[in-house]
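Just dropping this structure here.
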Amino acid sequence: MQLGSIFLLALLEGLVSASVLALTACGLSLVFGIMRVVNVAHGEFFMLGAVLAWFTASLMPGPPALTFVAALVICPLIVGAVAALADMLVLKRLNYEPEATIVATIGLLYILQQGALTVFGPNALPVPAPLDFRLQFPGFGYSGYKIAVILAAVLLLLGLWLILTRTRIGLVMRATQIDRATARAFGINVDRVYAGVFAMGAGLAAIAAVLIVPIQQAHYLMGADPLLLSFSVVIIGGLGSLRGTVVAALLIGMVDQMIPIFMPVVFPAYGAWFTPTLAKIIATLVVALVLVFRPQGLFGKRMA
Amino acid sequence: MAAVILEARGLTRHFGGLKAVDGVDFDLRQGEIHALIGPNGAGKTTFVSLLSGRIEAQSGRISFDGRDITRLPAHARVRLGIAYTFQITQIYAALSVFDNVALAAQSRGSHPLGAAAMEALSRVGLEARKDQIAGTLSYGHQRLLEVAMGLALKPRLLILDEPTQGLSQGEIETFNGIVKSVVPEATVLLIEHNMDVVMELAEWITVLNFGQVLATGTPPAIRANPAVQSAYLGA
Amino acid sequence: MIDRRALFLHLAVLAALLAALPMLAAYHVTNIAKIMVLAVYAMGYNIAFGYTGLLSLGHAMFFAAGLYAAGMGISLFGLSAAGALVLGPVAGGLAATLVGLLALRTAGVAFMIVTLMFAQAGYLTILYFVKYTRGDEGIVIARAARAIGSVDLSADTPRYLLAFGIFALALLLNLALVRSPFGRIMVAMRENEARSRMLGYNPYTVKLTALAVSGVYAGAAGAAYAVVFGYVGASLASVQYSILPLLYVLLGGAGTVLGPFLGALLMFYLIDYASSATSAYLFIVGAALILLVLFAPKGILGTLRERHARWLP
Amino acid sequence: MTNKLITPTRRTVLTGMAAGGALLATGLTPRFAQAQSSEPIKLGFQLHRTGIGAAYGRWYERTATAALKVVNDAGGINGRPVEILFEDDGTDPARGAEVFGKLATQSNCDLVFGALFSHVVIGTAPRAAELKVPYLVCSEGHHVASGMLNRWTLQPGITDVKSQVQGMAPFVTQNLGKKVAMIFPDFAFGHDHRDYFSAAVAAQGGEVIAQIAIPPTETTFTRYFPQIPAETEVIYHVMVGPAVLTFVKELGEFYGTGARPQLFGFMDSLEAVDIASPGLEFLDGSHFWEAHPRYKQADASEAETFYRTAVGVDDNGAAANDPADVATYSHMFSTWETLFIIKAAMEASGYQGAADRQKFVEALEAMTDFAEGAEHPQGAKTFNGKTHQAFGIQSISKVEGGKLVRVHQTTLEDGQYPDEVDYTTQSF
């Protein structure tokens, strides 16, 4: 392949994975920013969104485009409802104590995983893409749907940003984030806000998953990877900072895609001992070290 | 006059725009009871936090017993003999009274541990409650336990941050007796709002206002100082 | 300073485990041996989490350090089983110290994530060095190598006795540790770090020491696992093996000496019996975690200590 | 609960004595002896019901259950009925060893079989040797024949990967191309493919010009495709796990309708996946290895038809009652065949009970051939008693109109390689 084609492919693949990652990680970041809860079950909400998308698409009659749009609406709602329920039944009772909530969300992770296995079975579940066309670039072909995913993610992120900054809901959420007690004093139903935020975070993961299933299929063990990547994104971007999260998602999504694409071009020994697995080890360590030495993230300001 | 045991020069700590401590010079003489007073928000707690190492100084210098301790972490200063009792009670609520004091005595390497701990408890009159869980003590007793932990450290400098807050009159008298018994082996630095306590105990007083030293001197001199009067009365 | 009742209780548990050996069916001999090895691991976890307040999600790395030190020591370098049992705790302690040096600069949630990330890197490292570790497939330790002198450790009784010996040693040392002055400092660090600092204790060194001891326990358990069960594989270094000791400790009672063993025993048999009735044992693990943090955050022995037996260490 | 933690309890001893007394008193001792010998043979099955192997596990269970019915309908083994006890191992090696112990010592199974995933097999094998219980694996891994396991572990029902790969190589180099780029998962299973196929291709005068290892946690693959050299004539792909469909689809998108290298894949990539899934159209014309052709071939034997009906699989390799439920057809026959081999070896050794386990292994080691038939619907096999490994015929199928059509069959000789171990010299 020509270097120009390689670059274009890397850019496209990087954008697809960054946009889906940004949506997923924003969900995690939102929950952490406002509720101070580290949701280990976030990857399972992603998985749940994906298997429900398959379920919707295979149950509903009609062309793939229609069932897909239906899934895009229905799945986040169901997943959000499950999350709100978990918040009210478990997290609220733990008073959002950080360590207890982590243990509880680990429990939730196992329950959701087992639930998906029991209900939907162990197979990879394919969902047809709502758009079926290929783009031929010099040297490689590319799925038109993947381009649509990038656009959809950008629109959704813009929508999220508008909700958070321009609406009363966003105002209430920010007020709750700053001070729970004061928000309560101003007549804000903090319990409802928390349940809503947790549902919204899970819903974002579910939307991201619905977008990705036509590319990747749904499977009950698929939650681990988005969880670890989202953690990395939220850490690099600065815990709780949405802008940092989006920037970090772009960075990590791009780097994650570009290493296997570019390394063989610039580094002939790639693949001999510098395998993708080694790249993953290094990436994981870098994220850990960022959290150790720059806990405010690469893009955040240190809090006084 | 006794030797200076602790000396601070140009000590500064700002929080954003707030000049909590702003270029304070301060001397503490061996064996005295020194009170630090000032209106709310004057920077008293920040100042002693800088001395004890709980907060790092932005500039300035602190020396203790002739040694520069400006960059020494808090726990190392404790080991040098600077003990600090918290403004808000900070005991180990889940542990027994004995364990609370033993932890302090153990830090000094006291031997035998049990005897050292019991001695500190008996000095504040809590020896009968040694097996009680500390969190179940009355508030006054918790404050006394806090002081006992300070004593069990066998400090050379004991910093007490508003120790009498919330104590009854009887408890305050007990407390005054304890503080008097500490000197002159050790030195005491006392942040206090209760002027009766200050006037009864302090040999020397420093007044802080807006992060700076407003005045320093003997109790009668401070009482007569017009600047202090205006700061306190807002005149 | 060890309470007589406490010492008696622990010795009685050990005596019961020893006396049970001739009465147990073969299946349970292996199970209890495994439970004792896992309990050593959980005891180590408890020293960090239960006593010192360090909630780590990366202990699998310390367990795996001992596991692979022993397994690769035997299979690649011809180490003896006895040598492997010594090397394991050293490797576990070393791994914990290295991780601690960095991770202990953080606290709380950040500490959990950092340890999780380090353990994930450790897991991937095992996969990376597939030539030596055989990656996910793992290493089988030859039966001939699993012997001390002429005693074949793969036979039921010696296996049980070795696991028992390590468990007994770990339990008594744990008891001595938590009743020692240092044990009191660990608890002080858990209860109130700011206060402990102002009593002259350096939180960093105290926590690092506790984590290192915890790693030594985990490494010892890992080495024992390799020698006693003859298999060393990457799945034993996965996240799940970091959650397992947390689950055992929460169930049995964090900050109690016997809690980890009790938790391991109950959880092992709960899963074992449940798996014949249903394949949904992940559900059981998940539900147990949630119910424990919701309704019994102190675990069985922690609740017992609070209500009835204050002397329980 | 049937599990006895402490044996024997006073009560069970007393009931036992009472029962014995009653029998003696009524003079029924002879019938008691007969009853003992007609007690069922219990076979343990280590099942991947949950975990990463779950998609396979379901079909392994169905196939073994179907074979069991055939065996029992024909009078069982040595005139005794047969039972299979399925126990979930979570596709986890540690749990696998525990489950083995449970089946062998708690449920008193005569032997254990059924495991597929290599790490489970390797994690369990030491336990089999400790307990001296035969362990018959259905895994296609090379671990048995490589000599790393032990005398109690055998793989008589399915060919190992080294042999499969070696059998494939001549077809690939002669029909598809000589310059091969390999794409495989970066763990032991993938490395077996890498090493054995590279060697086999070199022996055929071809060359592996790129080895692209993909990390095990990967979910998307397009970014690896630029590493495929332009002069590549054949892409050899073997991926496993839930992401395989993504892999194939992305490969299709990458090359599109333009000129592309020939594709040769291992069926592992598409087990339990419908070839007619959206996005897989581009596979048309590509080749796959199959141990056992999923689509019923025009020349299917009677045995093959019988097997399909018995397991409940239609002509397209999906469940007869649910066409969307696609089988793991290329591997699951191994549990069927293994059960019939168990029957044959038990009958050859005159197996009576646990005391005859060693005789069972020796009888199995003495076997050399399995003829094609209802007991071996996948085809004839040879068995090497020294390496404990079976060798069978492999198929190469071409995707034509959304179906797999067999275009080549290897011979038994194609897959032979020199012995790497002689388990029969090892002690029990």
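First chain written, first letter: the chains are A, B, C and D, and each begins at residue 1.
Rule of thumb we're sticking to: a contact is a pair of C-beta atoms (placed from the backbone, for glycine too) under 8 Å apart; a residue touches a chain by one contact, two chains touch by 3 or more.
Here the structure is a predicted model, which is why all the values come from computation and not from measurement.
Enquirer: Hey, which chain is the most central one here, using CA centres?
Expert: It is chain C that sits nearest the middle.
Enquirer: Counting only C-alpha atoms to place each centre, which chain is farthest from chain C?
Expert: B
Enquirer: Just curious, how far off is chain C from chain B if you go by their C-alpha centres, in Å?
Expert: Centre-to-centre distance between chain B and chain C: 43 Å.
Enquirer: If you average the CA atoms of chain C and of chain D, how many Å lie between those two points?
Expert: 35
Enquirer: Would you mind pulling out the distance in Å between where the CA atoms of chain A average out and where those of chain C do?
Expert: 33
Enquirer: Among the residues of chain D, which ones contact at least 2 other chains?
Expert: Touching at least two other chains: 50, 186, 215-216.
Enquirer: Please set out, as single numbers or ranges, the residues of chain A touching at least two other chains.
Expert: 114, 117, 275, 277, 280, in rising order.
Enquirer: Could you say which residues in chain B touch two or more other chains, in rising order?
Expert: Answer for chain B, listing residues that touch two or more other chains: there are none.
Enquirer: Once you've mapped the touching chain pairs, tell me: line, ring, star, complete or other?
Expert: Contact pattern: none of line, ring, star or complete.
Enquirer: Tell me, which pairs of chains are in touch?
Expert: Taking the chains two at a time, the touching pairs are A-C, A-D, B-C, C-D.
Enquirer: Please output the residues of chain D touching chain C within their complex, sorted ascending.
Expert: Residue positions touching the partner: 1, 3-7, 49-50, 87-88, 90, 92-94, 97-99, 101-102, 105-106, 118-119, 122-123, 125-127, 129-131, 141, 143, 148-150, 186-189, 191, 215-216.
Enquirer: For chain C, which residues are in contact with chain D within the complex?
Expert: By the definition above, chain C touches chain D via 20, 23-28, 30-31, 34, 127, 130, 134-138, 140-141, 143, 154-155, 229-231, 233-236, 272-273, 275-276, 279, 281-282.
Enquirer: Provide the residue numbers of chain A that touch chain D in the complex, in ascending order.
Expert: On the chain A side, the touching residues are 1, 6, 9-10, 13, 17, 64, 114, 117, 121-124, 126, 128-129, 132, 134, 136, 140-143, 215-217, 219, 221-222, 224-225, 257-258, 260-261, 264-265, 271, 275-277, 280.
Enquirer: Would you pull the chain B residues touching chain C in the complex into a rising list?
Expert: 52, 54, 73-76, 78-79, 83-84, 86, 90-95, 99, 102-104, 106-108, 113, 149, 153
Enquirer: Under the touch definition given earlier, write down the residues of chain C that touch chain B in their complex.
Expert: Contact set of chain C toward chain B: 181, 184-185, 187-188, 191-192, 194-203.
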